[in-house]
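The following pair of complexes shares a single chain, chain A, combined with chain B in the former and chain C in the latter.
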Partner chain A sequence: MKRIEGISKLTGRERYVDDLPLEGFLWGATVRSPAARGRIKAIHFGTDIDWSQFVIVDHRDIPGPNEVAMIERDMPILAASEVRHAHEAILCLAHPDRHELRRAVASVRVEIEPEEPYLDFVAEPTQSQIQYGSDNVFKHIAVNKGDVEQALAEADVIIEGVYETGAQEHVYIEPQGMVAWEDDAGVLRLTGSLQCPYYVLNALMHGLNRTAEQVRVIQASTGGAFGGKEDYPSIIGLHTALLTLKAGCPVKMIYDRGEDLAATTKRHPSHIRHRTGFARDGRLLAQDIDIRLDAGAYVTLSPVVLSRCVIHAAGPYQCANVRINGQAVMTNRVPFGAFRGFGAPQSHFANERHMDAAARQLGIGPAELRRINLIRDGQQTATGQVINDGTDRVGLLDDALSRADYGRLREAHRAFNASNPYRRRGIGIATFHHGAGFTGSGEVDLASVVNVAGLADGRVEVQVANTEMGQGALTVLTQIAAARLGYDTNDIVIAPADTALVPNSGPTVASRTAMVVGFLIEQACDDLQAGVMQAAACDQRPVGAHLKQAIQIVVSQTEDHQPIIGSATYGKPPDVHWDEATYTGSAYGTYAWAAYVASVEVDLRTFVTTVTDFVAVQEIGTVLNEGLARGQIEGGVVQAIGWALSEECLWDEQGGMSNAQLTNYIIPTSCDVPLNIDVGFVENPYAYGAQGAKGIGELPMDGPAAAVLNAIADATGVNPTVVPMTPERLMELLVPNE
Partner chain B sequence: MRVCMPTTLSDACSMLADAGTAGRVMAGGTDLLVDWPQRAHEHDDTIWIDLSRVTPLRRITCADHVLRLGALTTYWDVVQSEQAAEAFPLLKQAARVVGSLQIQTRGTWAGNIMNGSPAADGVLALMAYDTTIELRSTAGVRRVSLDTFYTGYRSTVARADEILESIVLRRHRYRIQYFEKIGTRQAQAITKVGLALTQDSADHSWRVVMNSMAPTVTRCPALEGVLSAQQPMAGPDAWLPIIDADVSPIDDLRSTSRYRRVVAARLLHSALADRCDWIGQ
Partner chain C sequence: MSDQTAHGTVPIACSINGRAYSLDVQVNERLLDVLRYRLGLTGTKEGCGEGECGACTVLLDGLPVNSCLVPAYQVDGRSVETVEGTDEQWAAHLHEHGTTQCGACTPGVVMTARWLDDTNPEDLSVREALAGNLCRCTGYRGICEGIKATLKARQQSSNEEGNP
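Right, the complex of A and B next:
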């Protein structure tokens, strides 16, 4: 099935939030902190501006508590007396003319009495830098399996390594944007570019002190998100809403790229230390892993990012003794938040680079070392979850190697490198996994609800809060409902993601939409069929044309022709048990498994790494829509190549992003990625996913960085441990400064 | 902000003279858009003289060993001109690595010169040839060698009332013509290290030009001297002291001083070792 909204996006007819018709509105803008940390002493309004023409909102205009409701409530909507990071929001302004508004923002001077910021999350904070608890640690998570010290003492070889990854910006094509207005009934409506309407709704209810009936959040067509529109829309949404309430007219707030890059969340920087015990034959005996994540100035989603990071840290391997200590540390940087992969890319980068370094030290081939240790059915993960899904993980790796022509290429590269004066070729592997859906008991806590409605004309409307953001959810959810009901896809309607119209089916995150929400849609479809069967007194479950006809009849017989509703609420699969206190059990209902192979060429004149070929083989349960699935993998690989080689947030002395422009924050173009990304799927249906599907969206972000850096190591003989491995960094490894 | 749209060059010169210090000349406008609209308010008092309607300025002429580019000649115009691309192949190479296709079809060679960026790719190629520019004002025309046009970071010998009317390249025969741009990625990138080389077949004289290595795009007399003297070079590192005599690369958002020096040395060595048997490997 083709993408439902594909043509309108391709032809430019799709309307994003900035394109929505709006009259009599003001533009909104934000005045931000110039300093990393300090007390707000005064706010000086420039004398060159006629301030009577502006709507000005500060913390005193907030009807409810000055808190952005997320996991914690530590982040203010607008800073009141202190600031904790550069670009933190302090004031909001509105004016009919955007040009005047920019002049006004530039003329406000916020006077800060500076305090010592904590910017280097790897260094222990000094006493004056401590701002949270006794050590600035927002969250600590430990996993303990077996006896690591004993196993290390008995290991033949101990291999240590430290791996670092930098912040990554989402660079969704459409920057953050919101429009708010109050309707005739006094309901505050907010529409904008967002992933999770109910997250924004909760934040509005809390900050504006309103009931669920007094606020309404509607997703506008969203031009990319990647996690960047999971938590941040609550902030810009509150700002826009506050301006609207004070102005008494609609307000539109659209960030430009510079503001979006500087002020919104990014991927958590990581610093991960591995100490690993091996038997001489390559068997993993002990994994001792320390993880430190830079969480930024407020908690946001860091505890759950850390959780996923910790759970994936030991990789897809069998090891009897595992100790993982993870910390998410508060610093005076912009809060780091959700980004495709959600902690797993950092873990897998460290672990897969470490496995390669270990293979070299052990004198065992990198593929062979993985074959020896890949988890087999019946074995347990680091949290003690028994894997028993029937997937042949070694076979998956061998499939990827054979697609990549790994054995022949390694030989060919050796000959090429020996004869070429400055070009060096190499090939690298990563094997990894990604837990699908929320971590631990997250899905149970969410208790997602899905409705499907049989309409008067017999069509069926799927009512979910999950959103299309470029990944193809509209299309896949339509397919799932149509297949379940025996319907033509044209007879399925997806309701707008509008909190007044759809139940809370949970956020569109964690690779959960097709798998978890799709599965609920199937159950709701079954419920609808059962309801129709009962109402129409059929002998058997109606499907297809019969169902459509039966719905028409049933609805026509009701008062007001009310649709007939089928519903489903999330229920935990029976074999899933998770203990949050000990961090043991089924961390996820299921995992997707993958083996990626990257080929690179390094130019020793310029130290530029070119990824020349890429093979991505994965087991993701059932492939629901091959075109979209392939798109997810290719896109994820490209985004991960950017993280691996060029995307770097540079910071100024106040901890703010100094390269907040797309000329200097370097995402790959089509010339920077391999022409052909060979995508392979192995299907092994999962019993609790729609049609057997597992999550797919985040998986391809997890493996490529390690595969690419492993290939650089193979090509050049150096041991790169940092992403992004820019040409400048690679030069320092290849030509160290004396 | 005011925008004037003259239709003749003499009107443009008068308007620019009348505008005084507030006057700024605009051709393709691509450099202006980099900061627009975020910094638009900084131009509240600017008077823009937009040359786009002075259509004769778009012309390329190629005659008697001279190529003449007008103030409105775009990168793409040169790519499309067989004569220009054949006579001065580095121009075409440079044109195809400037920004995106949209920038190449709108950005002008004259704008690239006048904007004064030390990373200007068009200037890198132009300076590798024998290039003169003609500056017009109400007082007449003045000719300046491109080699001596820049006086420092974003500063030039041009006066506020002068418009770059045309770029004149004198054609020689060349033994070597080389252009290399190392950007922050393969396309749509700003140059970190740029190097252009030519050697005249007749008098064997060299032009070595670098961009993003100094406050301006610059010729490198020390390197030219070493090449003219046919001094052997033991390897890439041997070039470093000579590079240091010519340029002074900095650490910035895009790269480091050390990277720029090391890469320039390696590019020079690999480009010349293949072409000059006296250099050595």
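Right, the complex of A and C next:
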């Protein structure tokens, strides 16, 4: 099935938040902190502006507590007395003219009494830099399995390495945007570019001191998100709402690219240390892993990002002794948040680069070292979860290697390198996994609800809060419902993601939509069929045309033709047990598994790395829609190649992003990436996913950086340990300064 | 230029998607804003406002330009084509190939593709022509294949029309 909203997008008819018709509105904008840390002494309003024409909102205009409701409530909606990072929001302004508004924002000078910022998350903070607890650590997580010290003492070889990754910006092509207005009934309505309507709803209820009935959040068509529109819409949503309430008219706030780059969340920078014990024959005996993530100025989603980072840190390998210590550290940078992969890309980069470095030191081929250690059915992960899914992980790797023609290419590259004066080719591997759905007891806590409604005309409406943001959710969820009911896909309607119309089926994150929400849709469809069967007194479960007809009859017999509803609430699969206190058990209901192979060419004159070929083989349960699935893998691989090679946030002395422009924050163009990514799927249905599907969206972000840097190592003989491996960094490795 | 002079207006006459317009535009107004906010042609997107992303690509006298960098007054006497003025055949063809995901880059991509179709430049590949259209979703394969297939189909159908 083709993408449902494809034609609408291709003709330009699709309406995003800034495209919605709106009259009598003001534009909103934000005044931000110029400093990394300090006390707000004074706010000076420029004298060349007629301020009587502006609506101005500060922290005193907030009806509820000055807190953005997230995991913790440490982040103010608008800074009141202190700032914790550059570009933190202090005031919001609104005016009918966008140019005037820009002039006004520029004319406000915020005077800050500076305090010493903590910007280097790897260094221990000094006393005066401590702002959270005794050590600035937001969250500690430890995993302990077996006896690591004992195993290291007995290991034949101990291999150590330190790996670092930088911040990555989402660069959804549509920037953050929100429109707010109060309707005639006094309900505050908010529509915008967002992933999780109920997250925004909760934040509005808390900050504006309103009940759920007094707020309504509606997703507008969303031009890319990748996690960047998971938590941030709560902030811009609150700002827009505050302006609307004060102005008494609709307010629209659309970030320009510079503001979006500078002020919104990004992928957590990481610093990961591995100390690993091997037997001479390559068997992993002990993994000792220290993880430090830069969380930025506020907690946001960092504890959960750290959790996923820790759980994936030991990779898809069997090892009896594992110790992982993870810390998410508060710094005076912009808060880091959700980004496709959610901690796992950092872990897998470190672990897969480390495996390659180990292979080299052990004198074992990188593929062979992975074959030896890949987890087999019946073995346990670092958290003690027994893997028993029947997936042949070694077979997956061998499939990827044979698609890549690995053996022959390696030889060909060697010959090429020997004869070429300045070009070097290499090939690299990564094997990895991604836990699908929320971590640990997350899905149980969410208790997602899905409804499906049989309508008067017999069509069925799927009511979920999950959103289309380019990944194909509308299409896949339609397919799932149609298949379950025996319907034509044209007879399935997906309700708008509007909190007044759909139940809370949980956020659109964590690769959970098709798998978890889709599975709930199947159950809700079953419930609908059972309800119709009873109401229509059928003697068997109606499907297809019979169901459609039966729904028409049942609905026509009700008073005022109310739709008949089928419903489902999340229930934990029976064999999933997780202990949050000890970090043991089934961290995820299931995992997707993958083996990626990258070929690169490095130019020794420019130090530019080009990815020439890429093979991505994965086991993702059932493939629900091959075209969309392939699009997810290709897009994820390219986004990860950007992270690996070119995307670098540079920081000024106040800790703010100094390259907040697409001119010098470099994402891949069509000319920078291979267009021949060979995507392979291996199917192995998962019992608790829709039609057997597992999550897919984040997986392709996890492996490419390691595969690409492993290929650079293979090509050049250096040991690159930092992402992004820009030409400048590679030059330093290849031409150590004289 | 001081902010005061930035408020002056200029009368312009131009053609947009084949329709004649007479407008008074501000000297600091961008073509992108005229299209989106005055004429309601919201298909053209703003992704960066600095000429980097290509989401705002339109054809100006047949050439692809970033409408976020074009002052509206420069359009006086010229013709503009946007995604809204594009034959729906384009969408129908591109739809077959995973050319769009989130859709934010899509209208700009369609306009670049139309330019390729119009001019058929010999020394430029589809991939090279698209270097100015950033896409964060697709990885570009779907876009390039979609455009290639569309160009081919259009070529064939125009050949058939030419030789009945």
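As a working rule, the second predicted complex is superposed on the first by the 738 of 738 C-alpha atoms of A that agree within 3 Å, B and C clash if a C-alpha of one lies under 4 Å from a C-alpha of the other, contacts with A are read in each partner's own complex, and residues count from 1 in each chain.
Going forward, contacts are C-beta pairs under 8 Å (C-beta built on N, C-alpha and C of every residue); 3 or more make two chains touch, one makes a residue touch a chain.
This structure is a prediction, so every number in the text was calculated from the model and none was measured.
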Which of chain B and chain C A:Thr663 touches, first, second, both or neither: both
Partner chain in contact with A:Arg103 - chain B first, chain C second, else both or neither: both
Which of chain B and chain C A:Phe607 touches, first, second, both or neither: first
Contacts of A:Leu675 with chain B and chain C, given as first, second, both or neither: second
Touched partner set for A:Asp256, first chain B, second chain C, both or neither: both
Partner chain(s) touched by A:Gly223 [first = chain B, second = chain C, both, neither]: second
First (chain B), second (chain C), both or neither touched by A:Ser128: neither
Greater residue coverage of chain A in the superposed arrangement, chain B or chain C: C
First, second, both or neither for A:Asn388, with chain B first and chain C second: neither
Overlap of the chain B and chain C footprints on chain A, listed as residue numbers: 99, 103, 256, 663, 669-671
Sites on chain C touched by chain A in the complex: 3, 6, 28, 36, 40, 42-50, 52-53, 55, 82-84, 86, 88, 90-92, 94-96, 98-107, 110, 127-128, 130-144
Complex contact set, residues of chain B against chain A: 34, 37-38, 40-41, 182, 184-190, 193, 253-256, 258-259, 262-263, 266-267, 270
In the complex, chain A residues that touch chain C: 2-3, 5-16, 18-19, 21, 99, 103, 170-175, 221-226, 256-257, 469-472, 627-628, 630-631, 634-639, 661-663, 667, 669-671, 673, 675-677
Residue ranges of chain A touching chain B (in the complex, touch as defined): 98-99, 102-103, 106, 256, 258, 421-422, 604-608, 610, 646, 650, 658-659, 663-664, 666, 668-672, 727-728, 731, 735, 737
